Each structure stands twice: as structure tokens, then as C-alpha cells.
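Here is the structure we will look at.
Naming follows writing order (A, B, C and D), and every chain is counted from residue 1.
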Amino acid sequence: MSKIDNSKRNFLKTSAILGVGVSAPLIFTNAHAAYRNEPKGSTVTFGFNVPQTGAYADEGADELRAYKLAVEHINGEGDGGMLNTFSSKALKGNGINGKKVVFVTGDTQTKSDAARASAKRMIEKDGAIMITGGSSSGVAIAVQGLCQEAGVIFMAGLTHSNDTTGKDKRANGFRHFFNTEMTGAALAPVLKNNYGTDRVAYHLTADYTWGYSQEGSIRKYTEAMGWKTAQAVNTPVGAGDFSQYITPVLNSGADVLVLNHYGKDMVNSLTQAVQFGLRDKQVNGKDFTIVVPLYSRLMAAGAGENVKGIFGSTNWHWSLQDAGSQAFVKSFGKAYGFPPSQAAHTTYCQALLYADACQRAGTFKPSEVGKSLAGFKFDGLGNGPTEYRADDHQCFKDVLVVKGKENPSSKFDVLEVVEVTPRAQVEYEASMLGGNLGPYNNG
Amino acid sequence: MDAFLLQVLNGLDKGGAYALIALGLTLVFGTLGVVNFAHGALFMLGAFCAVTLQSLLTLERVTLDPEKLTAWGTPMEIRTPYIVEWFGDFGMTLIDWSVPLAILLAVPIMLLLGVVMERGLIRHFYKRLHADQILVTFGLAIVVQEIVKAQFGANPIPQPAPALFAGSADIGLWLGFAENAVVYPWWRIIYLLFAGVVITSVFAFLQFTTFGMVVRAGMADRETVGLLGIDIDRRFTIVFGMAAVVAGLAGVMYTPVLSPDYHMGMDFLVLSFVVVVVGGMGSLGGAVAAGFLLGILQSFASMNEVKSLLPGIDQVVIYLIAVVVLLVRPRGLFGRKGVMES
Amino acid sequence: MSILSVKNINKQFGGLKALNEVNLEIEAGTVHAIIGPNGAGKSTLLNCFVGRLNPDTGSVNFDGVSLLGMQPHEINQVGVSRVFQTPEIFGDLTLVENVMIPAFARRDGAFRINGWGQVEDEKNVRENAMHLLEDVGLAESADTVANQLSRGDKRRLELAMCLVQKPKLLLLDEPTAGMARADTNNTIDLLKKIAERGITMVIIEHDMHVVFSLAEKISVLAQGTVIAEGLPNEIKGHPKVQEAYLGGAHL
Amino acid sequence: MIKFNVKNKDHMLLLGFIGVVALAPIIMAPIGGGYPDLLQKFAIFGIFAIGFNILFGLTGYLSFGHAAFLGIGSYTAVWTFKLLTMNVIPALILSTLLAGVFALLIGFIVLRRSGIYFSILTLAFAQMSYNLAYSVLTPITNGETGLQLRHHDARVLDGLFGVTRGEGLPSTSLFGMSMSGWSGYYFCGVMLIIMFYISLRIFRSPFGMMLRAVKSNQNRMSYTGLNTRPYTLAAFVISGMYAGLAGGLMAITDPLAGAERMQWTASGEVVLMTILGGTGTLLGPVIGAGVIKYFENIFSSFNEGILMEAFSFLPEFLQHAMVTVAGLFVGEGWHLTLGALFMVIVIFLPGGLMEGIARIGNVFRRWRKPKPVAPTEAEAAASE
């Protein structure tokens, strides 16, 4: 697990901070700062809060790899990655505002409580100026709320629920990843082209907030184009065996099964649905088909052969051919020997975007950094021209519709990009999802 | 009617799985009296026997293709499993059948693990408080889990069933229903049969062999049996090994249904305890009956008709049954008096 | 005057008739022994007095109150204490605590939360308990943990625990079972002292040496019925009793 | 035979306890634990474990569902903030009381059984609470995301007393004193001291003695004229209220209540804390809670960079080897260390960490005066 590349040794040395025995209580050190955790020395600390235990540990590990790469690039080490293709040229490879970037890490355990505890440690003890990472919406929303209260910036990791930049949005929080609304808008036309407008869908939905969000978006867009919804059934998170929910599907009159599941649930429900032979059947005179709205390449590998030909959406994929993606895949692949996941990509982008915003603002003060991020337009980070919308701190960019690959050339080659849905098609009014950013908090 | 039949079938299948998963725990917990929180870990280790065999079978010769480059600029690797190189199509078949073949691997490995665990650790805890047993076995479970995670990662690893058993059987057709009315996956039917065979063998072994007789006597009164000059300790070791094998086999065969990951044991731990206790401590038959009862009722509680009446019932049904059974029958379905009551 | 009056008790387990029309009158202030061969129903009878078993028919009256249907703790609260075949004590607690607990039970009733007061401040209860421990000869080890005692000392402790409650009736289930001869004799002496205080005792016993050293009246139980009753001397020569034991114990 | 005075000893213990709580920020700083959030967690889980110990340590009833009461406390507190006031006092009182009510209802049912059957019943109730809170009860609990404060919440009492609404979210306070950061810790610390003192009183009270009697011999207890059920129920309710209070404090220091707080693993955690520290001892549960929370928060934060620094005195190849080995046990491998710790403690110190402390105390005492002492004070304390 912890193989250390020799070439990274110097970098690791510089990144080591605040080990046991040298940390002074911050009560005494942080009294006269202009804002929370204002960096006083020659370094500035990022807090990488990712799942290291539990179901999303591998995804968290990939995020951490990407963060380390981003820090390297910001500090001017390595090949520079997407800094070379990034449209903003503010970062010069000498850290941010003249300070070198160092980082601390923590384990979210994919639990709101643990994630908040871990983020608090970074803020209170390690003096982190920004918290980023995470692999679920519940955690993202919980940590975003915390960062708002504490007065630091939160750069969300992998979080797909509408609420993160909708109902629960906060001024100090920013999300690069897309959401269920965009998934619905991007996926529906592709489904229409492939399966027609006369379909009946059966939803299995993970019984928690993200699941509801996903189901709502897919229903909204598929029903708008003429699909009917036979039934939407909530399934317990971590059910393991979904057979009792799959058995009624064939007799329900539905000819499409939509699996609003993520991670382990997705792997299990998809594997089991395929085992039930659903895809070999014909219903209403059409081939029965399965849709997985949100794909994760890392997790999809767990479902093996079963993903072949199944449509879904993803934030980014390493096979993209634009200069930014290629630069990122190249420097990530060189460092670790395999291509990055979408989680790695979004977290790398977030670290870079934050650094760039601080550099352009000339300070780390959350309100100033926030203002320089809000409404920021950029390109060259792998998703085409992108905008951090000021109204809800959500990135708007093209969305990828993907399909499980029929003939993979390697174990990383699981998905193929079917369509790049242009940004215009997935945009919506910020007011649609409700919520209130509120003011920036500088702590 | 067909929906009903389908849920009965599904309940039986789930019940079979629950019973098989809990069977090993009944042996250790219900009869030896050890609160074994590492039972889930044994189940998980069984599943990883399948993973190990699969990765052994798919050990690959890696050659570099000088023509093609990966996206990050290194030469593309061409991977061919040795076994396919050596045996051709037969090699492919071996890989295809890796899950059933893993049984052959799992039996000796799990037996060894069980015996080592009992000799090295558990036997020092027979007389200790249950709290101590919980702490030590829970600690062991975590250690085992983390080792597996360090080796295999945290993501689920797919273990497909042999191609022969892919897809589903249209059972409805045999019974005169319409096409697709009652469809059930082949592999789950196999699992149910497998569970039946394993459970029957364990029963037969304990019921009809002298070994089993001595063990059952030892459970009732360990000291007296010891006084008769019978080495009951050694037999208990074997029982523990047997429990490990049963847990492991349940794990191996479950992998096509549930892609194994390092955490899968913990997910089944609570369920196993509920099955054993609802069945009644010390009763193998009780555990099997409880497994089927819970499986079938869970299946029915998940029907849309039921869920619309009682939202969320499918999430709590298992615990609800546990509460009702334990309040109506103080020692579970078939529990013996005085076992683990203090 | 009889303090415990048992009338027409029947108890059946499945097809087995454990007690058959048992009648018994225990006089206040006497030591009454119930003897009989194994399986005669002695323990079943005792369990009917203390609320562990409910007889199928018949009545058990203590001091004018029916004991039937009462919980064990309620029966204790009306003044019946019990000594078990294997001493039942609080093994994890110290001797003085063992005796203080029944003292509290007698003073405060079956349930009272006194979570703020401190045991240490309960001087009276403690002194009382120490007195009882002195009476049974265990005062010196008052602060040791009860599990460390010998079998005989555990019995003494249990007796102290019963006596601290000033019971009107003391039930003893084979008080010397499993004891060495010396321990048995000590226990007999102790029981004699207790009897001198005028506490009514019912003893269920195998050991005839114990029975004839203590009992003022004896009832003989065989196959669930009382076959004989009387003074020790009367019982010794009773033909039915001889027959019932049939080479069992030497009378 | 010289008898030590229990009361004086307890007063010393309490004074020492207060001292440690007061100085914890300084004591914990050198080992990386001197920041408010972790110390708040120490105090809160300390309270949780102390309360659990009143049930498990004294009566021997092993509950696997106490996290449910913690969760109820948290949800109650957050709802109080939303509906009534941001002042923490009503939240604290209501969360304790409501948890007590639930404990009474659940306890009444589950205490009909003992031993393993009792454990499974508590587990079942807690798992039902968790599953429902996570899904169907989302309108009340806000499901996976957790119940949060909102700007437009009613806060009736605050409105009555004319508290002005700021632009952002309000924060919890004790009559104007903010409950985050160090003031939050000291508030929790004071609660911990109070709850510790209450537990001390209970341990030394006739009631506590009765509870230990229940654990020791229930049969004798009822033939002694005591009704065991109300005693166990009282202990169950008291420990449920402790859990509710701890849950309330969690919401006070961090106004968010998540369903995973009620999961069986959370119930298991408090069991582990208690056994690890020393079941039935006064201090053990607090120590156990501290150790587990320390591992969770600090060991998980050591990454390769920190390890490289720590082993930088070694030659390079050794440094790499050490980092690789140590890396298994920290950072993402912190669970491994915890698991191994559980095993080591229970194998070598059956009485938990308190037994370890008692043994160390013995070594010192023997070293001071060579003649062997009968059961020492520390042992007596450990066995209480």
C-alpha cells in the first residue's frame, strides 16, 4: 500500500509538517490573524480529507495520489501536469503567493461525524487554510457546513447530489464535480437515441439523499421525453443482496431498469440484476436494458463483465483526447503506473483551481479567494471551457455519457465515451435547486 | 400468484444463504460458547480464497509491445495468463470455473486457519468473560480485514460464476406459468442446493458419528466427558476448524452474488448473530429454521405492496422478527435452557 | 401455633406426580426437618414455599398470608429467608457487603434507588452486618471477597445474610451438603445457636446425623407424599420409614 | 489492619480528575492531541462510556444498542436549536430527558431477557432506529446528510427575547459564550466532571452496591427480598440518559446530527471503550474512550511525509523500509493498530488498561517498600 517512489522523496520531505511532538497548541499562535489560519510562515497548509477506510477507501487513495501530484505541480516539481494546459497562467510553479504548499491528510471513513472530526483537526490543530476531498454527498455537505462555520474554504471532492450546490450550498464551498441534474439532462438524449421514447422504467434507488436526488433527475428528464415510470423502489444502503428487489422487475411491465446506486451498492445490484438474466429478456417486444446513471470507473471494475454496454455518465475519463486530459494522464500514469480515476481528476482540478484563485486574489482570505473563484471562467483542465458559476459555486462544463466497453484492452479500459454533452445542454437556473449561499465567513 | 411464488423462492434462497452463513457461528458461539466476532472475517477469508485462486489462475506473462504506447507514454503491456499459454482452451475453462474450484483450496486453508485460531487464541478464552471474547475476536477481525485490504485493496473484486451457470432459469415455464413469470438465477439455485448439502453434512456428522456424539456430550458437560479420559479439547479444536471451513465455504460460493471486498464480513456479522440467537443458542436446527424464517419474511417485507403499507419495513424486518421471537420465546426458537443467559 | 401451613399440595411435571396431597404444619419457634430418599419431592416442596414453583392445587399460608402466586422477593419481604444447597452468595463482593445487601433489603423494601447516599455513611447497617459476621465467626475477613471462602465459610456467610433480615422462617436446603465432617459439625453448632434465638427453621436434609442433632420434629416424604411425621424418636423406629429408605441411610 | 478512607481517596481522585480535565490542552499538546475538537470528543465519549459502564460495569447487562440513545440526544438537541433557542441549556436538558424516556420504553421491553438475548434485543432496537433514521425518517432526521441548522429556522424563544438574526448561520452559545473551540471544550469538560462525580456517587451508594449484586448473583438477590427488574431498569435509564447527554453535547459543539451515530458499530465502539479501559472501574471507560478517539483522529493523520520525517535519522534504505512497515499501521492503516491493540490488551491485561495502571502502581510500591502488600489500593480501585 505504501510504496514510496524514490523520486518523490524530496517532495515528501518538504510536505512533512507538524508531526508528533512539534505541534504547538494553536490557542497561542493564531490570536492576531486577519482571518482563520492565516499563513504566517513560508508555507501554506492544505487539508486533504478523504476516505481511507471503508467502502470508498480505494477512491480516497486515488484522490490522495492526485492531491500529492497537484501539490508537486503547484510547488514547481514534476512535469507540471495540467498547469501547462490551464488557461490561467497566474501560478508560476513557486507555490502560492510566494509560499510553498504543504498538506495534511485525514480519514473521513465516509461518515459525516468522522469527516467533520477529521476536518476540525486539520483546521484547529494543523492550521489548514482549505479543506478538500471526500467521496460522498453526505460527507461533502457535512464538511462544507463545517468549513462555513469555521471560516475556511471547502473545495468539494466527489459529490454528485444536487444539494451540495443546491439546498445546502454555502458561500465557502465550491464544487467542480457535476450533479444529478446534469446527469439527467445529459443522459436522457442518449437514452432516447438508443432506446426510443416508448419505454417503461423501473427504478431501484439507494434509500438516502443522493439516491432521491438521482432518481428525481432521471425521472424528470426521461418522463419529459415520453418514458413512463413503472415503479420506484427504495433499497437500503449496503443491502448486499438485492434479490428481493430485483425479483419483481420482470413482471412489472418495465423494460428498463435504472439503478440509482453508487459504489458497492451499484456493483452488487448490477451484478445481481445481470445474473437474474434481465438483459437476456424481451419485454413489451423490446430488449430489456439496464442503466446506471452515475459511473465510477474504479467501482465499475468490481462489476466485471456485467457493465458491458450499459449507459451512464461520468465527470471525466482518462481516455479523453484533449491536451489537458492527456497532460494529466501522462503525469499521473508516470508517477503511479495506472491512469487516474474521475475522483482523482476532480480533486486535482480543485486543488489547482483553489491555488490559482489565491494567487490571483493575492491572499488566502476566504472572502477574497471566493470572489476570485466565483464566476471564474477557465479551460484546459480536461472538461473544455468551464465556469464556476457565481450564483451557486457550481462548475458548469461538458458532461460525458459513457458506456461499458465491449472489448476492453486493459483492466483500466472499462468505459468508453459515447458522447460529450455540451455544457449549454445541462445548464439550469441556480434558483431551481433552492438554497442560499449566505455570506463568506473568514473565521 | 407468480409474484408470491417468486418471493417464496427468493426467501428460500436468502434463507439458505443466511442459514449457511450462520451455521459456522452456531457451532462456535451456540455450542462452544465463544462470542466470536471474527466469524464475519472467516466468511470474508473464504471469499478471498476464491479471489486468490482466481488471481493465481490468471497469473500473466507480461510482454511489452514496442509499437503501442499507453496514454502516459510507457509501452503497452500484452498480458496472457500462463495457464492459457500452457493448456489453451482447458486453461480458459479452469479460469471460468475458478469459483467452484476454490472450494478445493478453501477447505484445507480454512481448516488450518480455524485450528490455528483455536489453538493459538480462542482456547485461552473459553473461561474468560464474554466481554473479553468480544474484544479479542473483534480485534482479530479488524487485523485480518486490514491485512486483506493491504493485499487486495478496498474495492470489490468480481468473481463471475462459470459461464454454464450464467443467466437465469425460467422456473415458471416448468410449472405452467407464462414466460418470464418466475425467473431465478442458476447460480442462486446452485447456492441453495450447496447450502442444503453442507448443512445436512454437518448435521449428519454431529448426529451419527461417535465423534459428533462425544462433542455433543462435551457441550452439555465438558468436565465429565474430560473425566472419562476423552480428549475433549482436541475435539473442540476440530469443531472450531469445521466451523471455519463452513464459514469459508459459505464465503467462496457467495462471491458470484456479492463481489468480495475486505469489509464484507462485518456486513454479515450482525445478521449471523441475529440468526443464531433467534434460532436459539446451541441449536443447529434452530439456526437453520431462523435463517429460513428471516429470509422468507425479509423477502415478503420487500414487496412493493407491503412497503407501501409500511414504509421502511424491509429495512427493519429482521430486527423486528428478532424482537418478537425473543419476547415470545425467551430462548429463541429452539434454544436450550441455561446457555449464555448470565 | 403453626407459622407455615401447607394444605393438600399437588404438583405434576408432565406425567410425573412430584407431590401428592402434601399437608404440613410448621410450629413457630421449632426446628422442623423434612427427610426422604432421593426423588421424594423435598426440593419441589421447598420450591413451592418460596415462589419458584406454583403447586397445581392446594394452599401455602405463612403467618396468615397465602404465598401462592407471590414472587420470590415478595415472599422474602414477608419474612421467609432461604439457604441453598450450594451457597448462593454475592461472590464478587466483600463479606460485609454481602451481609449489608440483605440488611438494606429489610430496611428499604424490595426496591429503592439510593444513588446519592454513600454506603460508607450507613454506619448502622454496617455495624449490624459486622455483628452478624461476628456471630458466624467471619468478622476477621469482613473485607475479603466472598469467592475466596471455603465451602463451609460460604455457608456461614449465607446464614449471616439470612439472619441479618431477622426472618420469621428460615428454610434450609441440605445445609451441610458437600461438607467435610468438621465443617458439618461447625455448621450444626451454628444452627443450634440460631435455633436458640427462637427462629423457626425448616431443614431439608439427607444426613441423619444433622437431622437428629437439630430437629425437634420430622416429616418423612416418599414418592411425593408424607408417609410419617413426629418426634425424632418416633421416626427412628417407624416401619414405613425403614421401608422407604430400604438400606439407604442407616437410621 | 489499617483501612484507607474511601472518601478521602475519592476526593483525591476527583481532584486529580478535575486537574487533568483543566490541563488537558497542555498535557495533550506534546502528543498532538491538544486541539479543541479532539478534547471535546474525549469528554463527550468519556461521558458516554461512563454512563455505559453504570449499566455494563455494575449490572453486567451488555447492551449493544446504546448508540441509539446518543443519536436521540443529538437529534433532540439540534431540533431544540432549530425550534427554540441557540442557548445550549434547553438542548442539554431536553436531549437527556428524551433519551431517558426512550431508554425507559426500550428498557422495559428488553430487560425481560438477560445475557446474550438481552444484547441481541438492544442491538435490534438500535439497528431499527438507525435504519429508519437513515431512510424513512428523513423528514425528521435529514437522513444521510444529517440534521443541520438553517438560516430560516423558527427559534421561537430567541425570537421572543429579541435575539437579532445575523446574516449567516447562528452558532450555539451559553448565554453569549460560544460553544465551539476552547470554551466548548471547557463546557464539555465541566459536564464530564459532573457526570464523573455522579457516577462516583452511584458506585459508592447503596444503589450501586445493589447493581453490583445483580451482576454477582441475581438469584440470591431475589431471595434476599430485592426486586431486580426495577434496579436494572433504573441503571438502563441512567446510562441511556448519560448517552443522551453525550449526544446533546455532540450537537452543542458541532450542530449536526447524523444517522450513523446510531449504527451498531457506534454501539460497539462504546463497548470496546469500556472493556479496553477496564469494565466496572471508575476511570477505565474514560481512558478507553480517550485511547480509541486518539487513534481515530491522530493515527489516521500520519501520512508518508510525516513518517519520512520521523525516520529521517536513519540511512535512506532503512528509512524507506521503516516507512513501509510503519505505514501499514498509521494513516489508512490505523484500524490495524487499533485491532492489534485490542488483542494485546485483552490477552495480557484482562482487566483492561486500568489493570495495566494498577500493575505499574504495584511495581512502584514494591520498589518503595520491599515487603509484599495484600490487595493494594490500586487493585481495589480496579476491581471496584
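Here, contacts are C-beta pairs under 8 Å (C-beta built on N, C-alpha and C of every residue); 3 or more make two chains touch, one makes a residue touch a chain.
All of these numbers come straight from a predicted model, not from anything done at the bench.
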{"item": "Minimum number of chain-to-chain touching steps separating subunit C from subunit D", "value": "1"}
{"item": "Highest C-beta pair count, chain pair", "value": "A-D"}
{"item": "Computed distance of Cα centres, subunit C from subunit A, in Å", "value": "74"}
{"item": "Intercentroid distance (Cα basis), subunit C paired with subunit B, Å", "value": "52"}
{"item": "Centre distance in Å when subunit B and subunit D are each reduced to the mean of their C-alpha atoms", "value": "34"}
{"item": "Chain centre separation (subunit A, subunit D; CA means) in Å", "value": "34"}
{"item": "Set of subunit D residues in contact with two or more other chains", "value": "131, 135-136, 328, 333, 335"}
{"item": "Shared-contact residues (touching 2 or more other chains) in subunit C", "value": "none"}
{"item": "Touching two or more other chains - residues of subunit B", "value": "150, 315"}
{"item": "Interchain pairs in contact, sorted by label", "value": "A-B, A-D, B-D, C-D"}
{"item": "Subunit A to subunit D touching residues, read off their complex", "value": "1-4, 6, 9, 12-13, 15-21, 23-27, 52-53, 57, 60-61, 103-107, 111-114, 116-118, 120-122, 124-126, 136-138, 141-142, 145-146, 148-149, 163, 168, 207-210, 234, 236-237, 436, 438-439, 441"}
{"item": "Contact set on subunit D toward subunit A in their complex", "value": "25-26, 29-32, 34-38, 41, 131, 134-136, 138, 142-146, 148, 151, 167-169, 171, 180-182, 250, 254, 256, 258, 260-261, 296-298, 300-306, 308-310, 312, 316, 320, 323-324, 327-328, 331-335"}
{"item": "Touching residues (chain side subunit B, partner subunit A) in the complex", "value": "2-3, 6-7, 10-11, 13-14, 17, 70-74, 76-77, 79, 149-150, 153-158, 160-161, 166-168, 180-181, 183-185, 187-188, 256-259, 261, 263-264, 267-268, 298-299, 302-304, 307, 314-315"}
{"item": "Complex interface listing, subunit D residues touching subunit B", "value": "56, 60, 62, 109, 112-117, 120-121, 123-125, 127-128, 131-132, 135-137, 218, 264-265, 268, 271-272, 275-276, 279, 328, 333, 335-336, 338-343, 345-347, 350"}
{"item": "Subunit D contact footprint on subunit C (complex, rising order)", "value": "50, 71-73, 76-77, 81-82, 84, 88-93, 97, 100-102, 104-106, 108, 110-120, 122, 143, 145, 161, 165"}
